[in-house]
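Okay, so subunit A shows up in both of these, paired with subunit B first and subunit C after.
Right after this comes the complex of A and B.
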């Protein structure tokens, strides 16, 4: 037998009267902290402090291990050793696996560091293990803390108004923050949004504007001075294009109701398991892709494909985006791994503003293959729609950034 | 045998799942951590039992894609038993979903989880009485601390479909005997 909603509630009322006694509710310290972090007057400063803390810890932890340890290990020992023992110096296998080298005054010279060498065993391993691994370990550690304490729903409440402007609501902060770790779980998390419109907007914005933890890690290492500008361009893009999408995508953007859970003391075992699981995922999925991406770009260089593409697309790269045509190589790598692409960009000589433009382009131009596959799983229509938006965004926004540079007199 | 873990978002289904199966699905303190189902296995009295961690849903009338996954999972598993996980500090809402599942004829046991949070809020639940009214096992648990999990498992075999009419009758009866007892005490 089935009850109507009213009958069901009546029955439950009766049952709970029989079985539950509600004592006097005491306002506890936990509640007080809970309120302080949700009310805008106190909540916004707290949120800023938390984000700032997150960023500082992230930067110093990743910097400590990368610059203090891995850079020395890879550049002073690993690279020279491989350059020495790997057979066939100057040959194409050597170039792809160890060091593509460079030509200086007509002579072949070896690279002096692991970012310039472009080899699978040098650049590939250095980017994956030396730079990205420390970055994602600390990122996931802090993310797990925020998740388990119960801060995320509070951030959602705080940001609700702002996110309504882009057709979403506060809870969209969950997929957004998860995407800062990796876009793949971010795309899956869009399922907590109610309507197709919201899911489409969210997925599109994630794929285009949210750099993943691996990418942020490498940016922090190779272009630390330009980080502010790059992130600013991405955040502005997120809101501007979200605003436009909200206007043109049909459908509803309903309000959200949320249970803000009580703050809880995080369990060390759970944090450990979560971080361990995600880092393991990185080893299994990401590292092979970094190495594969390195190999593919290496082969394409050797075959002259990248030079050809660079020359063919030079009008677009140089004329429209204002970046060197060599950017073609990293953009191909970006489809496999964005972190690798940023690392390769750093080896190309360009002005700081060109670097900002190039890194933003790498971020927005195409989701990496893992994200692409996950979006396909969520629906091919949405994926096609997102790619259409993406093409428009890359050209307009890329051109706009170039124009801003010209107007500022820096491009 | 197949067992579905169902309940509202953020009541601890994934914690049960990990404790029961020894698996490692993500547990967090925010609603919507699980958006797809995960299957795992455990042995109960020598029998292999499949456990499914179902995304949280407020009712059987889905309002987002994660809830759609949950309701579809329930309807695809006609022969499954359900562990309804209820946040003891928000018992009425939890019972609503449990009632919906009972009405569809699924054998069910109830885990009154987060007993500690309910205690913090001075909410006391008479689980025995709830059990007598509903006619199904009701177990108090604190899943993150592992409390009550063994009892829950040992009582899974008592899960059975119940007739809603019986629940209505039981709810009416206990309140009659109760008020009769009160009246007797007053006299």
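Right after this comes the complex of A and C.
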């Protein structure tokens, strides 16, 4: 049976008369609050408050488990026990698995804490379980709550105009926030963006300017007072280089349409499933890289490779970036583990500004191996392009941060 | 009904002024780089995060209250008042959560006890408090108005 246009409209009228109730809709408080969180004048203060709550709870929760319990468990019990029972003290295997230690007055000295021992079973496990696990659990819990309450689409609408300036749109907030947990699902989530240009810009910005949960957890633990400045430099870099990329990368950056759902009470079972799945995914993908990265860093240190590269590149680090020569080693090792590199940096004596510069450099220097592999999966051309951008960004932005420090008289 | 509404408007106007004043005080204390305590009950944190960002949020909470009191009965205006309270709950909730997480472990070095002693646990919750925590009970009054409004809506029906 074929209907004419008029007959179709008649049918539509008939169905709608039977199924739709017409009348004036009276706004509820939930609707009115929903509107407030989307309008820029009122939505931005709410977004600031939500981000404040997010990071405050993140810091308190992670600090509770890491500083309250895990630091003592690993430093006072696990490390001394392993140092005692693991055979071959001072040897290669011992250095890689338990404690690289140090030499004082010609004698081998054991490390006093798990952040300095750099063994797979000590630093590796401490970072994975003692630092990253609490940080990741609370991060994904808060994210799941924001998603299920219905706030994330509103944040996307609120940030749409700003993100258009960097060639993206409001939905780019999803991979960006996911990357704050782990860059790997963040890179995968770039697929929600429509064009190649958008995906390239997003992937490049994630790899360079978004620190992962492991790195944030370590930063929160070892340089908590400098976190604000470090994140500020990364946010500025995200938008400045995003703007430049939008201007030079060919392609389209289309508008997006989004259905903003009403606010809803989150279901505990949904939250549990989401957090459980994401934490499991993180552990399957990232934990082997934490332990393997720790082992490779240990081997490279033992072979003298990192020391050689550090010495060779020291003039660049000291002269161009304004950080001490000793930071060259951790900055090179950052390719394998950014979190461990931050921990290594915390053991080096330097001014607060040098520490800010060094940690920002660790963040923007190179994506970790897991992210690198994921970017390769998305396409080798995109990966090469992102690495080319990254090289330029590291030198220009690193030098610029040094220059700002010189002008402020703090470098 | 109108009398009750104007009572609510006056209450939230005063609360808005006090909240905004506390927000400004938070920002000034943070800018001065020191902490401020008064009468053993009030303590304004001087760190950038709690004092600076927390102060900005408190200031916005005060402004939400003040902008919502005109035509208080209108749902969109009342939502601003409710949002002012929600902002205070976020800051105060974070402060209380931080207190809870600080009160449980002993924070002693190396091989001391794992958990806090009972007196120290209780002492963590003793005053002085941050402005948001002090204003928390006053901000809860909005729940009374939300319930009153909800019961009114049920009586009249939501959609025509």
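Here, the second predicted complex is superposed on the first by the 378 of 411 C-alpha atoms of A that agree within 3 Å, B and C clash if a C-alpha of one lies under 4 Å from a C-alpha of the other, contacts with A are read in each partner's own complex, and residues count from 1 in each chain.
As a convention for this text, contacts are C-beta pairs under 8 Å (C-beta built on N, C-alpha and C of every residue); 3 or more make two chains touch, one makes a residue touch a chain.
All of these numbers come straight from a predicted model, not from anything done at the bench.
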Quiz item: So which one touches more of the residues on subunit A, subunit B or subunit C?
Solution: B
Practice problem: With the two complexes superposed on chain A, say which partner A:199 touches: subunit B (first), subunit C (second), both, or neither. | Solution: first
Quiz item: Between subunit B (first) and subunit C (second), which does A:23 come into contact with in this model arrangement: first, second, both, or neither?
Solution: both
Quiz item: Where does A:149 make contact in the superposed view: on subunit B (first), on subunit C (second), on both, or on neither?
Solution: first
Exercise. Classify the contacts of A:174 with the two partner chains as first (subunit B alone), second (subunit C alone), both, or neither.
Key: first
Quiz item: Which partner does A:267 contact after superposing on A: first (subunit B), second (subunit C), both, neither?
Solution: first
Quiz item: What residues on subunit A does subunit C touch that subunit B touches too?
Solution: 21, 23-26, 28
Quiz item: Residues of subunit A touching subunit B in their complex?
Solution: 1-3, 8-9, 11-26, 28, 144, 147-150, 152-153, 171, 174, 188-194, 199, 258-259, 261-262, 264, 266-267, 270, 273-274, 277
Practice problem: Can you check the complex and tell me which residues of subunit A touch subunit C? | Solution: 21, 23-29, 31-33, 35-36, 42, 45-46, 48-50, 52-53, 55-57, 60-61, 63-64, 67-69, 72, 75-76, 228
Quiz item: Mind pulling up the subunit B residues that touch subunit A in the complex?
Solution: 8-10, 24, 26-33, 35-36, 55, 63-66, 69, 90-92, 95-96, 99-100, 103-104, 117, 120-127, 129-130, 133-134, 144, 163-165, 167-168, 171-172, 174-175, 178
Quiz item: Which residues of subunit C touch subunit A in their complex?
Solution: 48-50, 53-54, 56-57, 60, 63-64, 75-76, 78-80, 82-83, 86-87, 90-91, 93-94, 97-98, 101-102, 104-105, 107, 110-111, 114, 146, 149-150, 153, 158-160
